[in-house]
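All chains are identified by letter, namely A, B, C and D, in their written order; residue positions are counted from 1 within each chain.
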Amino acid sequence: MSRAEIVESADAAVAGIEDGSTVLVGGFGLAGMPFDLIDALIRQGAKDLTIVSNNAGNGDVGLAALLAADRVRKVLCSFPRQADSWVFDDLYRAGKIELEVVPQGNLAERMRAAGAGIGAFYCPTAVGTPLAEGKEVREIDGRTYLLEYPIKGDYALIGAHVADTLGNLVYRKTARNFGPVMATAATTTIVQVEQVVDAGKLDPEAVVTPSIYVDRIVQVTARHYTVQGAR
Amino acid sequence: MTTTSTAQVAADHRLSMDELAAVIARDIPAGSFVNLGIGQPTKIADHLPADSGVVLHTENGMLNMGPKAEADAIDPDLTNAGKVPVTELPGAAYFHHADSFAMMRGGHLDVCVLGAYQVAFDGDLANWTTGRPDDIPAVGGAMDLAIGAKDVYVMMTLFTRSGEPKLVPRCTYPLTGVGCVSRVYTDHGVFDVGPEGVRIRETYGIGADELAGRLGITPVPVKEQA
Amino acid sequence: MTTTSTAQVAADHRLSMDELAAVIARDIPAGSFVNLGIGQPTKIADHLPADSGVVLHTENGMLNMGPKAEADAIDPDLTNAGKVPVTELPGAAYFHHADSFAMMRGGHLDVCVLGAYQVAFDGDLANWTTGRPDDIPAVGGAMDLAIGAKDVYVMMTLFTRSGEPKLVPRCTYPLTGVGCVSRVYTDHGVFDVGPEGVRIRETYGIGADELAGRLGITPVPVKEQA
Amino acid sequence: MSRAEIVESADAAVAGIEDGSTVLVGGFGLAGMPFDLIDALIRQGAKDLTIVSNNAGNGDVGLAALLAADRVRKVLCSFPRQADSWVFDDLYRAGKIELEVVPQGNLAERMRAAGAGIGAFYCPTAVGTPLAEGKEVREIDGRTYLLEYPIKGDYALIGAHVADTLGNLVYRKTARNFGPVMATAATTTIVQVEQVVDAGKLDPEAVVTPSIYVDRIVQVTARHYTVQGAR
């Protein structure tokens, strides 16, 4: 992919996302969730989306708002049910949304595999559980594994802390979570950051996502929510 | 034949969850790398001695996590796996989710403590879903934690509110992991579980034989109590 | 039937390796992420326009590698894949070997330019060992590069010193990768190779028909020359 | 594994390495090679070793010196033959050392798999080449892959730039190379660094190898060589 583009608005950043796309959405709960990109995606109107994210929305913001706007056909996530996941819960119980539950580490590793050109891998997680159903089983060196396939996105929407003008990214604390993995696993990676600095301003030893994984960047004003509400 | 009479009656009363957290904290070797699951196990952190050198891992991408953040120290970018704002200790490190679960799955954590619906005598764990039709299944990192740490401890009440044992011959709830639990800490006592079956290590406010009777177990002989 | 007469005679002489490096540099799209193999391909960097925005990857863990380091700028901790001391450009990033090859294998590099012993008309590549009994096999990152980049270009002389073509119907040397090369840059001309066979794109100091004759090929029709 | 130990000497750091061990040795050529640890290993005397490293020694220093001391039974590496690999070349041609050539990316990914608890993975590298011989082949989604197994070490000897007292590590430039991966893949990871600082002095966002992967640390005076000789 060629050099990252710095765009003027979140709306420009999400332009062109097609109906039916698979969209990887960063964040663990609300930490690291790209709120501005999701709000722009709601305005943009793409529907029938498959969303891959750790959770299925908290409160009424971010991913929960996208779900409430009826744009999501299916959610792949590890932990949909939370104290404040009422939007998802209602849609799910009404049969209006499909759910595939994936153990959290498999979600991360399957996206890593997509980004790393690995065709499939044998993983010990979930052996002997209901989530092993339909999966190929193999014993290696006396331990039992399941065959897991990559999860690839058409788009990734992630939040980072600072980008340089080339597209290198750094994150903040546990808001890093899925962002670096999703950036590698999507055809087009779209990032919202709090600040864009000149190339050369980030420590090359501390870059977490190298520019090669980034396609579009938009600078936004930081908005934070905790699971219990806005702050 | 039960030889549970060699198990120590270690307290004259059934333990509160806080007291139990202190017991578990006591058993975690100094300098261990430890993941404390969401809910009750989080309490264990409060009972670790300051000089224990225990390093806490949180699966959302951090080592050397500090206590819960209060007031101005709350940072929405810094939470534990339960999404509760926490703090960082000197020597902390952040990493992404694939690296965090590689650390776990690769067997690098010494101890992980989880809550449970049920644990089987052979170490099977059920802690992610009741399997009831109205229960939205949500596994989070439970299955990864269950198979990842060198020792998986469970912290739970021994009986349900209606008096059913949660330490059982065979789990009736959907499994989280097979044969993965090594020790079960409960309000009534501590048990080793695994391929050799269940052994009572110590009891709280009840004799080992009576406890064995309530669980319907014939425990294997207790050899050397640590 | 050869329709190679539509291929352009782009130079009146056989190109030097430096001239060829300039040709390849011209063909690399602005803003591409590129890996230049050890040896001749390294020269291409010298011909990239300053404003090309091309970012160089070196598989030993760096993006935005700068030119060769001279004198005081030599840092033994900063080398390219050929172990030659290099420099870093603003916006560089370092990463470890697993991340570096994940980047490559995952198809994120736009172009990789490699040397070769032989390339087959269908894009097979042989560039890692002659297979001779006295040749110690050493593959390095060649096989990973061969299958990783979106476009794999080869830069080589078209004939061996003894006059044997190195662009061949089928490689006789051990393979590095199957059907992985898309274009071959040589001193006598540039070729597209792949599942549809070989096509002459342009020639240097020789007509396309004569070149086709020397290679013993019946090139497929050249459609639209880029 | 419990907290990293900071030891007084390279000799103390390599104590206990048994004959017949598999030892992962960091470095790409000479950049990042743990010279002091290797020299101590030569003094320590362990023999019949299997060495996993990118190269098979350069000049007469580091890994080349270990080979010359006749301690190595087998080398797994990607690139043994170099302009200055005369020690290995002579041993190999004399039939005195076993060689397994592994593509460089597979070497890294197989060690990553060992560290990450992955049982095996399907990799597109080397398909259709002599290095595919004996490997299981599988087609996934129209592409052909080979099944690759983890490479696990008994010990890893690596070089890093700075450690903190807990064992967190940062590296310098391309000397990072295999160190972070090997640290995850060995039962016991031994690190030489140029400096040890107090916990809290390293930026938690920039730690490359978290302390959990590190067992023993020794501070040494930096020694650098280039491929053409000492400098």
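What we mean here is this: contacts are C-beta pairs under 8 Å (C-beta built on N, C-alpha and C of every residue); 3 or more make two chains touch, one makes a residue touch a chain.
This one's a predicted model, so the numbers in the text were calculated from it and none came from an experiment.
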| query | Roughly how many whole angstrom separate the Cα centroids of subunit B and subunit D? | reply | 36
| said: From the mean C-alpha coordinate of subunit A to that of subunit B, what's the distance rounded to whole Å? | reply: 30
| Centre distance in Å when subunit B and subunit C are each reduced to the mean of their C-alpha atoms | 56
| Mind pulling the subunit A residues that touch 2 or more other chains? | 109, 112, 116-118, 123-124, 171-173, 204-205, 208
| task | Can you tell me which residues of subunit B touch two or more of the remaining chains? | result | 88, 94-95, 101-102, 104-105, 148
| task | Work through the pairs of chains, note which ones touch, and then classify the graph as line, ring, star, complete or other. | result | other
| Among the chains present, which pairs are found to touch? | A-B, A-C, A-D, B-D, C-D
| Touching subunit D in the complex: which residues of subunit B? | 29-33, 53, 55, 57, 63-64, 88, 90-95, 101-110, 148
| For subunit B, which residues are in contact with subunit A within the complex? | 58-62, 74-79, 83, 85, 88, 94-98, 100-102, 104-105, 124, 131, 134-144, 147-148, 174-178
| note | The residues of subunit D that touch subunit A in their complex are 109, 113, 116-124, 138, 140-141, 143, 145, 149, 170-173, 203-206, 208
| query | Where on subunit D is subunit C touching in the complex? | reply | 28-32, 54, 58, 78-82, 88-89, 92-93, 99, 101-109, 111-112, 123-131, 171-181, 208, 224-227, 231
| message | So in the complex, the part of subunit D that touches subunit B is made up of which residues? | response | 1-3, 112, 114-118, 164-166, 168, 184, 198-200, 202, 204-205, 207, 210-213
